[in-house]
Amino acid sequence: MLDNFLENLKAFVEGFKNQSTSAIELQLHEMENGFALICFGSLMGMPSPPSYLGMALLPYLEHEIKVMIFKSERLDDRLAEFFDLSDI
Amino acid sequence: MKSVIFFLGKGGVGKTTSSVSLAYYLAKKDKSVYLASVDPAHNICDIVADKPFKGAKNIFGRLYAEEIDVEQYLKDFVHKTTRQMKETYRYLQIINLDRMLDVMKYSPGMEEYAIMYALEDKIKNNSNKDYIIIDTPPTGLMLKIFALPFTSKMWIEKLVEWRKKIIDLRGAISNINKEAIDKELAIKEEDDKVLKELGIQLETIDFMVNLFQDTDKTKTVIVLNQDMLSVNESKKIIEALKFMKIPLNMILLNKKGMIEDSVDIKNNFKDTTVRDVPFFKSGLPSTEDMINSCKDWVKVLIDE
Amino acid sequence: MSSTVLVIIGLVIYIVFYKTYGGFLKNSIVGSSDKEVPSKRLFDNVDYVPANKYVLFGHHFASIAGAAPIIGPAIALAWGWLPAILWVWFGNVFIGAVHDYLSLMSSVRYDGHSVQWVAGKVIKKRTSYIFAWFILFVLILVVAAFGAVLGGIFVHKPAVPTAYFLQIAFALVLGYIMYKMKANFGVSTIIAIIFLTTSIIAAVYFPFHASYKTWMVVFLAYIIFAAAIPVNILLQPRDYMNAWLLVFGLAIGGIAIIFSFKPMAIPATTMFSAPIIAGQATPFWPAIPLIIACGSLSGFHALVASGTTSKQLSDEVEGLFIGYGSMLTEGFLSTLVILSIGIAGMGIVGADKAQTLTANAAAFGNHYIPAMKASGGPVGLFAKSYATVVNSVLGIPAKFMVVLAAMWVASFAMTTLDTTNRLARYTFSEILEPLKDSAKGVYDLFTNKWVASFIPAAIGIGLAWTGEWKVIWPAFGAANQMLASIALMTASAWVMRVQKKPSWPVFIPAIFLWVTVTIAMIWYVVKIIPIFMAKSPVQAYVLGAMMIIMLILNFILVYDFAKPDKNQEFAEDNA
């Protein structure tokens, strides 16, 4: 009984943590996406070839490239994700 | 190291001959000299040796000459990246990774980067010598090499700025909700491999920029002939050097007398010291001839 | 009728229907699927991450709870409390919560794609484009509606703008503390609560007076500026403070009303056509969904549900709790609003007004809206009633509670103003997409970030300039319910054509809603726009144009729904 209550309380508190970071998490993912695009846009069809800097950074940007690829898969459906920011 | 001297100019004007001449002159005076060429035409071997050689070869006295193997630097760079990729990635949705990276070496800018990186490496490794002389590739490529550190610097600085913002934001989120950020991602600047790599790249860039703009240590010479093409191209080089705040020390008119009805060089380049070297009518000059041909203009570059 | 009894009835209705009707929807309509939920199957630790159901509930509820579930019901009381509360209870249970739940689940079955995208797949390709038009109109009209209502309360109660300025200033500081200094979360939270309390207390002693039109200009500048800065500076910390405002406001208010044991002091019913919109006799049906949107039924929720929530649902069975359940919770909030005004409203309108209003039901219906206007509009009336109830039950001084309640609504409304502007400039450029090649110059101009930001904001504030929230609010409601209509039709199409299950629980509400809103909009264009034209011709033309465009798109929509493309494959869900 008490465990259950504590679990729920924990979730409640976590909900507040969520409320204080959901918008900046969105911003972070887009920045990581953007960083990868700057370095490797050509992987996503952008006309600029990767510079030697892109190459040098390539081994360390696994996470960002993943984010870039995931986001690029859903470029045709981006609007609704941001409705979260709004409260009507 | 007292000086790095760059010989610039159009193809075929006699850069290599001039740079070798200076190298011989200094070696005769018992200075330690490192002479290198990043010109893909690899002309140094033709003058200083009977056949092509790899690595730095002792020509005479304390003179070492080398045709810098730019291709090798490029290969090494690609190889280093591939190796690190295999180490760092467990899987990736980019297939045939190494094949892709091979193609990357032809990417625009790669060749200039390799040359710049090679120059940094060689200059640093030979900083114990008295003089370093660099025979450069023809104008087009050389100007790109000069420009590369400057343009890269801005690019790197921007990347660093954005990277720091990303790390900061990750730190802010992680501070509130640890699970929101994957534990393998860096949340502090000192842990971020990307920033570290950018820092390393910035070091190369800064080294080159400082070297190019160091008026005490760095000397540049534009070699030209007495024709209009040569003159015009040299003027373009001067524009570019001015723009990048790289000092120009001398215009060296090579093969003077080769052409009749030639252009008046001194008039065209009023702001710079102009010296000349006469045309050697009989094929390749001897070592003695080359050393003698320098006597007029060495003092412009070197104090002793 | 005692308010406490009504609260209990409301709770019982919601719980019973959640278990029975909700359970029915879950088992017979949504059913189960072999495929794993997208949060796990498509896990990318970026957008697709399974979340704990309580956390997700909180997140989803916070996204759908705003100022609208408070403003709408306050206005609808002109018809008496009974029709309003019945719509909040049964409209919610049979239409609104169904809409939210099925939007969520159909999105889950479509790999977490938005209802706009799904509509393009199960109805017709151009439906997705029509959707974008409705979204844009909602975004513009919500700015107009909220702007007008906020302007009203800012003028009527000058303590509120002070609280608003202070909250912004404090949010900037809090953002620095939380995200730049990376202070301990517990400490930041305490600071946030101190900031909120300070804003409320300071506001009471330092009111800020300005004219309505001044506020309109301030809002416009605020919107453009706030929508142009990074989210960690103002938006995120402000969202966090709002979450606490919501919790406190709900908790204090909820407890106060449940333990108030007071009778409703306003008539249960007044007349079928009370003079609400533009002072015209407004028939309860079909106008009610235009007045009470959130709290009962709101198309906007479908976008929230299918935008983020569906990508984080950790198990299909939790969908009912989150989709259906959070809508019912919002209904509960609206119930509290109705009750608080019901028991305390007459005490704050002033003795002579109260006498006129309570003389008889008809008198109430006729004079309610003007009395509300004199009390600071819907926000003012709610805030003062809330303060009275809380004061009488919990003893907290009313003058602070008024500011708390008003600030609660105002904060959410202010958040909506700039975040919808961010969405609007993106939607605006999505809509102009067809012009990209055919009218490049125009396209480039209008998709410029500042132009695209300015135009929707200017239209919105331009409409609000008139101060006629009585006219603008139902227009916002109409656009919002048009969205709900498409969402319900999408859900129906999904159930009928893909799930191949009996769809009457979603189809009948969809048709009912479509008919209701269409008739309401036609009535609005025919009866209300001309009246508005007499007072503010420019705005009337703009508003009229929007309504007519929506009506036309609306007919195209239902045509497409009835006659789907023969070639269109009904992309199997989880394709």
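First chain written, first letter: the chains are A, B and C, and each begins at residue 1.
The working rule: contacts are C-beta pairs under 8 Å (C-beta built on N, C-alpha and C of every residue); 3 or more make two chains touch, one makes a residue touch a chain.
Predicted, not measured: the structure shown is a model, and the values here were computed from it.
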By mean Cα position, the chain sitting nearest the middle: A
Chain pair, A-B or A-C, that carries the greater number of C-beta contacts: A-C
Identity of the chain that, by mean CA position, is farthest from chain A: B
Centroid spacing, where centroids are CA-atom means, of chain B and chain C in whole angstrom: 64
Distance from the mean Cα position of chain B to that of chain A, given in whole angstrom: 40
Between chain A and chain C, centroid-to-centroid distance (C-alpha), Å: 27
Residue list for chain A, restricted to those that touch at least two other chains: 14, 17-18, 20-21, 24, 27, 66
Multi-partner residues of chain C (at least 2 other chains): 178-179, 185, 188, 232
Where chain B touches two or more other chains at once, by residue number: 169, 172, 176, 182
Residues on chain B engaged by chain C in the complex (per definition of touch): 168-169, 171-172, 175-176, 182
Residues of chain A defined as touching chain C within the complex: 8, 11-12, 14-24, 26-27, 29, 66-67, 70-71, 74, 76-77, 79-88
Complex contacts: residues of chain C adjacent to chain A: 44, 46-47, 52-55, 57-59, 62-68, 113-117, 132, 135, 142, 178-179, 185, 188-189, 230-232, 235-237, 239-240, 242-244, 294, 298, 300, 303-304, 306-308, 412, 415-416, 419-420, 422-423, 426-427, 430, 480
For the chain A and chain B complex, residues of the former touching the latter: 14, 17-18, 20-21, 24-25, 27-28, 31-32, 34-35, 38-39, 43, 49-53, 55-63, 65-66, 69
Of all residues in chain B, those that touch chain A in their complex: 77-78, 81, 84-85, 87-89, 92-94, 101, 104, 107-110, 113, 152, 155-156, 159, 162-163, 165-166, 169-170, 172-173, 176-177, 180, 182, 184-185, 193-194, 197-198, 201
